[in-house]
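What follows is a set of structures to go through.
One chain, chain A, appears in both complexes that follow, with chain B as partner in the first and chain C in the second.
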Partner chain A sequence: MPKPKVGLYWCASCGGCEEAVVDLAEKILDVVAAVDIVFWPVALDFKKEDVEALSDGEMTAAFINGAVRLSEQEEMVHLLRRKAQYVIAFGSCAHLGGIPGLANLTDRQSIFQYAYRDAPTVVPDDGIVPRQQVTVPQGDLKLPEFWERVRALDQVIDVDYYLPGCPPTPTVIANALTALLEGKLPEKGAVLAGTRALCYECDRAATKPEKGCTLSEIKRPWEIIADPEKCLLAQGILCLGPVTRGGCDAVCVKGNMPCTGCFGPLDRVRDFGAKGLSAIASLLDSNDEAEIERLVNSIPDVAGVLYRYSLPASVLFKSAQTKGDAP
Partner chain B sequence: MTKVTIDPITRLEGHGRIEIFLNDAGDVDRAYFVVPELRGFEKFAVGRRAEDMPQITSRICGVCPTAHHMCSTKTLDDLFHVEPPPAAKKLREMLYNIFMLEDHALHFYFLGGPDFIVGPKAPKAERNILGVIGKVGVDVAGQVIAMRKELRELIAYLGGKVVHPVFGLPGGVAKGIKKEDQERFVKAAEQGVDFALFTLKAFHDLVLSNKEYVDLILSDAYTHRTYYMGLVDDQNRVNFYDGMLRVADPNGKEYARFDVRDYVQHMAEHVEPWTYVKFMFLRNVGWNGFEDGEGSGIYSVAPLARLNAADGMATPKAQEAYEEYVSTLGGKPVHQTLANHWARIVEMVYAAERFLELARDPEITSDDIRRVPTETPTTGIGVVEAPRGTLVHHYETDERGVLTRANLIVATQGNSARMAMSVDKAAKALIHNGNVDDGLLNMVEMAFRAYDPCHACATHALPGQMPLLLSLRDSKGNILKEIPRGG
Partner chain C sequence: MAENNYEPTIVAFTCTWCTYLAADLAGTSRMSYPANLRIVRAMCSGRIDPQFVLTAFQWGADGVLIGGCHPGDCHYQEGNYKALRRFKLLKKLAAELGIEDERLRLEWISASEADRFRDVVNEMVEDLRRLGPRSGVGEAKPVSASAAEEAIHA
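And then the complex of A and B:
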């Protein structure tokens, strides 16, 4: 029987998801033995034309990481969708929009103005800027269009499964591959990681106060030297472990820093940031309005903290984003 | 004109496309290195908390997250006016050298190396890590994989995550090393030195002993005379973590030596309409097009450039390897682009030796690893040598430490002009009479691959509905009015 064909592609991403695949280390040899990788630009020399030459559905699975930012990425994910039986959104950016999705907090005009005019190192040369269509002496060159906003993969194409994390850990990846190869995938639309909150797999869980944490001060990570054994939330550091899907083995907390939520929300939670905000509100140790305001104000940039990986997927931001928008 | 397109270019980080225009005789008129990617980090960094920047900017690149993370952390020291304790500095530099060692190894074995180990014109299905494994054997490949795994586990020990670590804070680091674990670091460092020397030997056996490859390295098709930039210590030796920026001119003479806080006076960015990447040049020489030589402000960064900008290496075996490299290639500066692969291995030796020095340092297990900032943040500028070259972060904040402005000069940008020239020159030298095949096109790709470019990094900054600025000019070309599209 021929080996299943698999493709990996990156959109608006950083390459960390590709590194996470390489971090399968010796297991990658097993993967290579079990599947036929037909497209993976970071590591293999197959080109777009090789993908186009496949028949529709010939690939068993396409693992796509990165958010969708440019017309070229949109075109590629449609192509991969056609060629693959399963599309797996790989990592935070494809899953929820990821950190590049924070660009949805700003507008393209001010981005434009800064990068080409105002950045201290830019020397504007008679207003030359990149253009989608440029005529050079030898002919025409094209650049993809930069859409108005960043989108998660399922806002562009149909997605079968999600691998969360920035990036997904090698264990999460290996489990998903095994499920795929053994035909033991859960129902369509599932997020292939833990089903309980991160706190359940945190080494410091035992030091979390029995009646739950309360916050009378919210400390920024640089303001205190954190006890490396004790629950960070109990020390006043905002850790998003209680509202974040488990599966990463609490690696950031092992580095003595708080969880920032890259595995996204638990099942049945539609909006990660809203859930996080409600969790914080319930922790605040005060009924005094002025005191509550002081505590909330001690978290500058609530949007950037709570929607760091999920802004494009947020229900709250969706209406604002779609106004006057190209795709 | 006929256009030949390579899309996507492969075995690099990020996206790219090469467009080659052939004239009627089938020779190359010009090849363009197009980077069709951008995201917008500098703008969406504004409004974020400063302490989040080491983690946010690490998402510029997941292949060199540690470079952005470290540069950002050093920028926070400057921003909060806080000096980390000595042990914290040592921990940072040690982690950084572990990262340089494994990242350079990734390039040699996975990305660039297959062109030499398997061959530039080998079938494309074999010209990759799988072909490398076939060539060097599963045992050797297993050792390479095991070494990288151990190095990356040590990064995870300190930084939590290996991709996107959470190690750095203003004034120090979040986690140190337990005394009982120091031996593991020392052992890994000893193995790291052996591994780097083994890689150097492999380069000798597989590349330098092959006349065809040596001729390729020395050929004019892959040679440019530009300026070179890199960080150096107080004796002008290569340093990845800290020091002064030094620039050598195309004759090898020191052109400039400056503190990163003065980077704006020396480094500038040029924009072209056909690619999203910006091109770095030396402000004091000026932008004069895609040209070689003293009159052109184009400079280069990364291993070849660092070894040209410095006078030597700070550790003994690396110095030995450096001397051999320089003398074999006919003295400094080394202008041959493909020599980047060799320079990268010289740097692997240095990274491993420096890792070992720091792992053995008794202070490395100290508990004194953080100073809590007490001053009001203002402006911070930091620098490291990323695997792919000089990396600068610059933040300004309000009194709460919330960003009001950011500027990032990312490593691959430092090579973007020279890379565009390299692709053009290689295409012109290799393609004649319309004869284009996969092997030749791969050899054009080798011209950029030597730089180990990261276009995910290089296009962090560029923006919005790009293209679109309409300029109305008078007959002398002066701009009368500009109408940006969008917004």
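And then the complex of A and C:
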């Protein structure tokens, strides 16, 4: 039997997802032995033409990481969708929009203005801005279009499975690959990680505050030296473990850092940020309006905390991107 | 949409023990208020998940009103305090997402305060008429990079 063909591609992302594949360490040799990698721009010298040369559906799976920001990315994911039987959104950015998705809080013009004019490291009068097309003696040079909005992968193409995480952990990746190779994939649309909240697999769960309010001060991780045994929420550090999908084995919390929600929402949650908001608000230790306001105002950048990985997939932004789906 | 024809839609989530009864009393007392309100009855203001509020906006609401019992009067003892905590945080989030202050409101209205219910609705409808339709949140408009470049040069 011929080996299944697999492709990997990155869109708007930091490169961490590619690194995560390399982090499979010795297991990557098993992967290489089991599959035929036909496209992986970051590591292997295949070109777009090589993918175009494949017949439709010839690739078993395309692992795509990163959000969709540029016209080039949009074109490539459409191409990969055509060539692959399964498209797997790899990592938070492809799954929910990820960190690049926070750019949706502003617009493209402001981004360009800051990046090429106002940022402290930019020499303002050098006149250099990226142009979509430039003519040089050798011919025309073209850059992809920079869309107004960042989108999660499933807002652009049909996605079969999701591998959450920023980046997905080696265990999550290895499990997904095994399921794929053994043909034991779950129902289409599934997120290939845990089905319970992170707290269930956290070693500190026993010290988690269960009843009543507890947060009388909200501290940022650098403000205190956290007790490595005790629930971070009980110590006043905002940890999104109660509302985040498990499956990562609580790696951040083991490193004494709070969960920031990269595995995204649990199955029946419509909006990760709203659910996280509920969880945090329920913990604020006060019934007094002024005191509640003081606590709330001590959280800088609420949208950044609650939608760090999921702004394009949040109900408000998603609705604007897929208008007409609401009843 | 022409500004003078604009009628805002307000979704009101009201607790069954106080604010919903106030709305009921306003009706049986033949009080009148604009027909811009859509009431969703919840057992307690503490049951109103922030997801409900965002979904209302997603489906096109111009404003959301949350109504609960006065502090100390909650049928479930503390539900309205829970609503208050969520509301304060939601308000901050909404501002960061570009939802104006007038569009999201929390009011304590007891079962006997039909006139207060009417006044709050009137006031909110007026505020939203003045504010106009909601816009800007996540509008997807692919514009070419050259247009943005021109904007910078302009």
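Definition applied: the second predicted complex is superposed on the first by the 303 of 327 C-alpha atoms of A that agree within 3 Å, B and C clash if a C-alpha of one lies under 4 Å from a C-alpha of the other, contacts with A are read in each partner's own complex, and residues count from 1 in each chain.
Heads up, the rule we're going with is that contacts are C-beta pairs under 8 Å (C-beta built on N, C-alpha and C of every residue); 3 or more make two chains touch, one makes a residue touch a chain.
Just so it is clear, the structure is predicted and the values come from calculations on it, not from any experiment.
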Which superposed partner A:277 touches (first chain B, second chain C, both, neither): second
Chain B versus chain C as contact partner of A:108, first or second or both or neither: both
Chain B versus chain C as contact partner of A:60, first or second or both or neither: neither
Touching partner for A:120 - first (chain B), second (chain C), both, neither: first
Touch count on chain A, higher of chain B and chain C: B
Contacts of A:129 with chain B and chain C, given as first, second, both or neither: both
Contacts of A:252 with chain B and chain C, given as first, second, both or neither: first
Which of chain B and chain C A:148 touches, first, second, both or neither: both
Touched partner set for A:287, first chain B, second chain C, both or neither: second
First, second, both or neither for A:235, with chain B first and chain C second: neither
Contact residues common to both interfaces of chain A (with chain B and with chain C): 105, 108-109, 112-113, 116, 129-133, 143-146, 148, 301, 326
Complex interface listing, chain A residues touching chain B: 10, 12-20, 22-23, 25-26, 28-29, 32, 41-48, 69-70, 72, 98-100, 102-103, 105-116, 119-134, 136-139, 141, 143-146, 148, 166-167, 220-226, 228, 251-257, 260, 300-301, 304-305, 308, 326
Chain A-touching residues of chain B, taken from the complex the two chains share: 1, 3, 6-15, 19, 21, 29-30, 32, 34, 36-40, 42-44, 46-49, 51-52, 55-56, 58-63, 65, 76, 80, 106, 110-111, 124-125, 127-130, 133, 138, 142, 145-146, 148-149, 152, 156, 158-167, 169-171, 174-175, 263-264, 267-276, 278, 283, 287, 370, 372-373, 394, 400-402, 407, 409, 442, 454, 456, 461-469, 471, 477, 479, 482, 484, 486-487
Residues of chain C touching chain A in the complex: 49-51, 53-55, 57-60, 71, 78, 81-82, 84-86, 88-90, 92-93, 96-97, 137-146, 148-149, 151-153
Partner chain C, residues of chain A touching it in the complex: 104-105, 108-109, 112-113, 116-117, 129-133, 143-149, 151, 269-271, 273-275, 277-278, 280-282, 284, 286-287, 289, 292-293, 296-297, 299, 301-303, 306, 314-321, 326-327
